[in-house]
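Working notes, beginning with the structure itself.
Per-chain numbering from 1; labels A, B, C, D, E and F assigned in written order.
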Amino acid sequence: MAMGGIIMWKYIKKLEYPVNIQKKNLEMAKVLLAQYGGPDSEFGAAMRYLNQRYTMPDEKGMALLTDIGTEELAHIEMIATMIYQCMKGATIEELKEAGLCGQYVQHDHAVFPVDANGVAFTSAYIETTGDWRSDLESDMAAEQRARTTYEHLMNMTTDPDILAPLSFLRQREIVHYQRFKELKEYYENKNNINK
Amino acid sequence: MAMGGIIMWKYIKKLEYPVNIQKKNLEMAKVLLAQYGGPDSEFGAAMRYLNQRYTMPDEKGMALLTDIGTEELAHIEMIATMIYQCMKGATIEELKEAGLCGQYVQHDHAVFPVDANGVAFTSAYIETTGDWRSDLESDMAAEQRARTTYEHLMNMTTDPDILAPLSFLRQREIVHYQRFKELKEYYENKNNINK
Amino acid sequence: MAMGGIIMWKYIKKLEYPVNIQKKNLEMAKVLLAQYGGPDSEFGAAMRYLNQRYTMPDEKGMALLTDIGTEELAHIEMIATMIYQCMKGATIEELKEAGLCGQYVQHDHAVFPVDANGVAFTSAYIETTGDWRSDLESDMAAEQRARTTYEHLMNMTTDPDILAPLSFLRQREIVHYQRFKELKEYYENKNNINK
Amino acid sequence: MAMGGIIMWKYIKKLEYPVNIQKKNLEMAKVLLAQYGGPDSEFGAAMRYLNQRYTMPDEKGMALLTDIGTEELAHIEMIATMIYQCMKGATIEELKEAGLCGQYVQHDHAVFPVDANGVAFTSAYIETTGDWRSDLESDMAAEQRARTTYEHLMNMTTDPDILAPLSFLRQREIVHYQRFKELKEYYENKNNINK
Amino acid sequence: MAMGGIIMWKYIKKLEYPVNIQKKNLEMAKVLLAQYGGPDSEFGAAMRYLNQRYTMPDEKGMALLTDIGTEELAHIEMIATMIYQCMKGATIEELKEAGLCGQYVQHDHAVFPVDANGVAFTSAYIETTGDWRSDLESDMAAEQRARTTYEHLMNMTTDPDILAPLSFLRQREIVHYQRFKELKEYYENKNNINK
Amino acid sequence: MAMGGIIMWKYIKKLEYPVNIQKKNLEMAKVLLAQYGGPDSEFGAAMRYLNQRYTMPDEKGMALLTDIGTEELAHIEMIATMIYQCMKGATIEELKEAGLCGQYVQHDHAVFPVDANGVAFTSAYIETTGDWRSDLESDMAAEQRARTTYEHLMNMTTDPDILAPLSFLRQREIVHYQRFKELKEYYENKNNINK
C-alpha cells in the first residue's frame, strides 16, 4: 500500500450494492442522516460489533462479529453516498426550503455523522458488556431497530433509485439478526442455558 | 464473502504493526483509551477522514483521505488490541486498585470507545466543513494532537512491548501530517492561494 | 393527596426489598452509580418502558410495560438508598481516598444520576421506535445488560447487606426478561411472524 | 402486584387532570417535547426532586420533595398523553410538513424524551448539591422556568383541549414554587439565616 | 468598579464593529447561532485561546492568545447582538414559520448558546494539549473553519446590514489565522523544527 | 489595540484577587476543575449572565448582568491560575498517583474546561428563558450552588494560599446573590407581583 506498512483493512473501490440516485432529494438527505450518525445508524452498528469482538467466547463469535462489523463499514459508505447524491447540486435556496440551513452553514454539502435532527453521534448509543448473552441480545435488538428505521425511510419515498439500496440494506439487517440469533442459540446450547 | 454481496472493505487478519504485550498494565489500559474513544483518538481520525472524502476537490484528495482513513481503521484495531492485552487476566482486585472499577462494572474486560476518564466518544470531536482548506488544516491539526497524545502515552511507560507500537503509531501521525500538508499546498498552488 | 388534584402515582413508604447497609462502603457507592445513572441503569429502564407504552399494539402490552416500568421506579429508589447508606457518615478524607472527591465537591453526600465515572445520564441510552418487535427486543437486551451489571456489582463485594438487595434486583431482571420474551412471542404468534 | 414483591410506587390508571385532545396538532406535538425531555421538562423536575430528597435536613423536607416529585411523575404522563394525542393518526406527509420527519424516521408516532429540537434529555439539566438552600433555590428557579415554558406553550395554541391541561400544569408549577419557598423560609428561620 | 475589587476584564460599551440590523430576518437568526454556540463558534474560539495561554512557551505566545481571545469575546457580543436584532419584534406566528418554535418555547426571544440545529455548546469542540505546535495548528484550523462558516452565512443573505459585520468578522478570522501561523513559525525556527 | 479595531473587552493584566500558590497540590487541581468547567462553574456563570442581558426589561437589569458577567470572566481567570499553579512542576509519577493520568494524557499540564470527573462543559448547565423572573431566580440559585461548591472546596484543604482566593470567591457569590435578589424584588415591586 502507498502509505507504507501492512494494514488490516483493504478498501475496495466498489459499493456493496450500487447507489445511483439521479434525482436530488433534500428531504431524503435529511432523514438518511438517521442511518449515518443516528442512534441506530450504520456507524453505531460498525462500532458496536467491531468493538464487542474481543470478549466473544471463541473464534466463531469473533469471526461473525468481524464479518458483520466489516459489512457495516460498507453500509456507512453506501449511506454516505446516498446522502451525498441526494444533496448534489442543491442550491442554498433549496437547502433553506428543506430545513437544511443548519447543515449548509455548518457543513455545506458535506456529509457529517449527526442524526436526522442534527445531533452529534455518541458512543452512548452502543453497548459492550463483556457478557456474550448481553452483547448478542443487544446486537439482535440493534438489527431490529435498524430494520425499523429502514422501513420508515422506505415509507418516505417512491424513488426507485433510493428504494432499491434501502431495500437491500433492510434485507441485510434481517440476515444479520438471524446470524446473531443463531450464534446466541449456539452458545446457549453449548452452555446448557435455558433460553 | 460469507455474508453475501460485494463489500467495500476487506478485513485482513493481521495487525499493521505487531502488538504483543506480555505484562498486564492496567494503568496503561486506562490511558490508552484516550486513543480509542478520546477527542484525538484513532476512532475520531478514521471518522474524520473517511467522512471528508466526498467534498475534496478531486480524485487525488479523495484517494489520500481514503488511504489515511483506512489506515486509521487499522490503528483502531491496534489500540483495541493493546488495551485488551494490557487488561488481560486482571482480577477485580487489580482493576479496583487501578481505578478501573467503573470500567469493570460497566464493561468488564471489554474495550469501549470512551476517553481516559470514561467519557463517551462524540462526533463533536471531528470537523467537516465542505471546504478543502478548512478540512485539511483540521486534519493537520488533528495529526499534531494525535502525535502529542502518543508522546504523552510513551512518557508513561518503559515497557518495550507497549513503547514499540506506540512509537510506530506516533511516526505514522507525522507521516500523515506531511501528506495532508502536501495536499493542502498542492491545492493552494493550483488555486493561486497565498499560503 | 396533600398537593391537591388526582395523581397517577401513589408513593408507598416502603422499599420493594429491604435495604439496610450497616457498613460504610465508598467503593460500592461509586460503582452502584452504574445502576443509578449509567447506560443500563434503573433510571434508564423506567424511562424506557414507561416511554414505550403508548405504541404497544394492545392493552396487554401496555399493561406489562406499565407494570415493569413502575417496578423500575421502585428499583431506582432501592439503588439510591443503597448508595446513600454506603456513603453515610463518610469523612472528606475517606471520600478522597475512595476517588470520590469529584462527587464530594459537586454533590457532597447526595445521590446524583451519573454513571460510575461521573458522566451524566442521557436519554441516548434508551430506545423507542414505535415498532413492538424492535422495542421488545431492546427491552430484552436491556434486561440482560442490567443482569450483567448486577453480576459485576455482586463480584465486587462480600457484604451480605449489599449482596442481598443486589441479588433480589438481579433476579427481577431475569423475570422481566422472561416477561418481555413471552410478550414478544405472543405478538409474533398473533401476527404469524416466524421468530 | 402481578410482578411479585412489594413495590414503592402504585400506578393509578387515571390522569391527574383529564387530557382529551380531539384535533391532531403536529406543531404542538413538536413543542410539547420541551416539557417532556427538554431542559425544564417534567422529566427533569421529577428526577430533580426525587433525587434531592435524601439530603434534606428533616422529614418535613423529604416529604415535600417526595410529594412534588411524585406529582411530576404524573405530569410526565399527562405530557406524554398530550403529545401522543396531538400526533395520533398523522400521515407521513403531515409529519414531513410539520418538520417532524426526524421524529418519524427515528421514533415513528412514539413519544421520546428529547427537547423541542430533538436533543436527548441529560441529567446535566438538573442540580443536587447536598445543601438545602442551594437545592431549594434551584427548585424554585426550576418551577419558574417550567411556568414560563407553559406560558410559551399556551401562547402557541387556541385549542381549548390543549389549553386546559396546560393551564392546569402551569398552575401547579406556581403552587410548587410557593411550597418550595415556604420550606426554604422555614429552614432559614430555623437556622437563623438572614434571607 | 461598582461591584468592588479589581477585575481583569473591563467592559467597554461599544461594539468592535457597529451592528445595526433594520430588517427582521428569522432565517438568519437561526443560522447565526452556528457562530454563537456551534462547533466553530466565537464562544468556542474565545474559550479555546484564553484556555491555551497558560502553556504557551513564552510571553509572546501568551500575549497573542490573550489578545485574540479577548477579541473573540467581543465577537460573541457582536453575534449575540445580530441574532437579537434579527429576531426583534418577531411574532409567534413568524417564529413558527421560520422553524424557530423550539427556540421560542425554550428561550423566547433570548439568545442561547446552541448551534444552528439547537444543539447545546460543548467544550468537546475545543482543543488544548499543552503542546504549542498542536495548539497553534488547532487554532489555525479553527480560524479556517470560522472563515468558512462566515462565508456560508454571507451566501445566505443580501442584506447589507447583515453582510457588513459578517464581512468584518470573516476578515478578522483571516488576520487571526496569519498571526497564529507567524507565531507557530517563530517557535519552529526558534526550536529548529523543520516545518 | 494591537489587533486593530475597537473591542468591547479590555484585558487588564492583574487578577481581581491575588493568586500565589506556593505548594503543588494535585488533589486540589483536580477538584478546582469543578469551578472551571463543571455544572456550577465560573465559565457557566459568565456565559449565563452575559447571555441573559439582552432580554432584561431595562438598562438597570442589563447593567447588573453585564457587571456580574464581566466579573465572572475574571473569576475564570483566577480559577485557571489556581489550577495551573497547583499542577506546576508535577511529575508524571505524581499526576498518576493523584488520579490525573487522564488529564496528563489528554491535556498535559494545561487547563481544560471539564468538571472534576473530566466531563466536558456543556451549555445544558445554563438557563435563559427570556422571562426576567425565571432568569433572575435561576441566577440566584446558581450563586447558591457556586457558594456551596466553594465551601466544599474549602473543606478540602488547609493551605492558606488556596483558602484565601477561595474565600474571596465564595464571598463574591454571596454578594452576587444579594444583587440578583434585589433586582428581582425591584422588578416584582415595579410590576406589582406578589413575591
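FYI, a residue touches a chain if its C-beta (ideal position, glycine included) is under 8 Å from a C-beta of that chain, and two chains touch if they have at least 3 such contacts.
These numbers were taken from a predicted model, which means no experiment stands behind them.
In summary, the chains found to touch both chain D and chain F are C, E. Fitting chain A to chain C on Cα positions gives a rotation angle of 180°, stated in steps of 5.
Although chain E and chain F share one sequence, what matters here is the overlap of their interface residues, and that overlap exceeds half of the numbers used.
Inter-chain centre distance (chain C to chain E, centres taken as mean C-alpha positions): 42 Å.
The distance from the centre of chain B to the centre of chain C, with each centre set as the mean of the Cα atoms, comes to 34 Å. Centroid to centroid, with C-alpha atoms defining each point, chain B and chain E lie 29 Å apart. Shared interface positions of chain C, defined as residues touching 2 or more other chains, are 39-40, 99, 106, 108, 114, 117-120, 122, 124, 129-131, 148-149.
Each chain pair that touches appears in this list: A-B, A-C, A-D, A-E, B-C, B-E, B-F, C-D, C-F, D-E, D-F, E-F. Touching chain E in their complex are the following residues of chain F: 1-17, 37, 43, 47, 50-52, 54-55, 66-68, 70-71, 73-74, 76-77, 80-81, 84, 106-114, 120-124, 126, 128-131, 172, 175, 179.
Of all the residues in chain E, the ones that touch chain B in their complex are 39-40, 122, 124-125, 127, 129-131, 133-134, 137-138, 140-141, 144-145, 147-149, 151. Against chain C, the residues of chain F that register as touching in their complex are 27, 30-31, 34, 38-40, 99, 115-119, 148-149, 152-153, 155-156. Interface residues of chain C, counted against chain F in their complex, comprise 92, 96, 99, 101-102, 104-106, 108, 114, 117-120.
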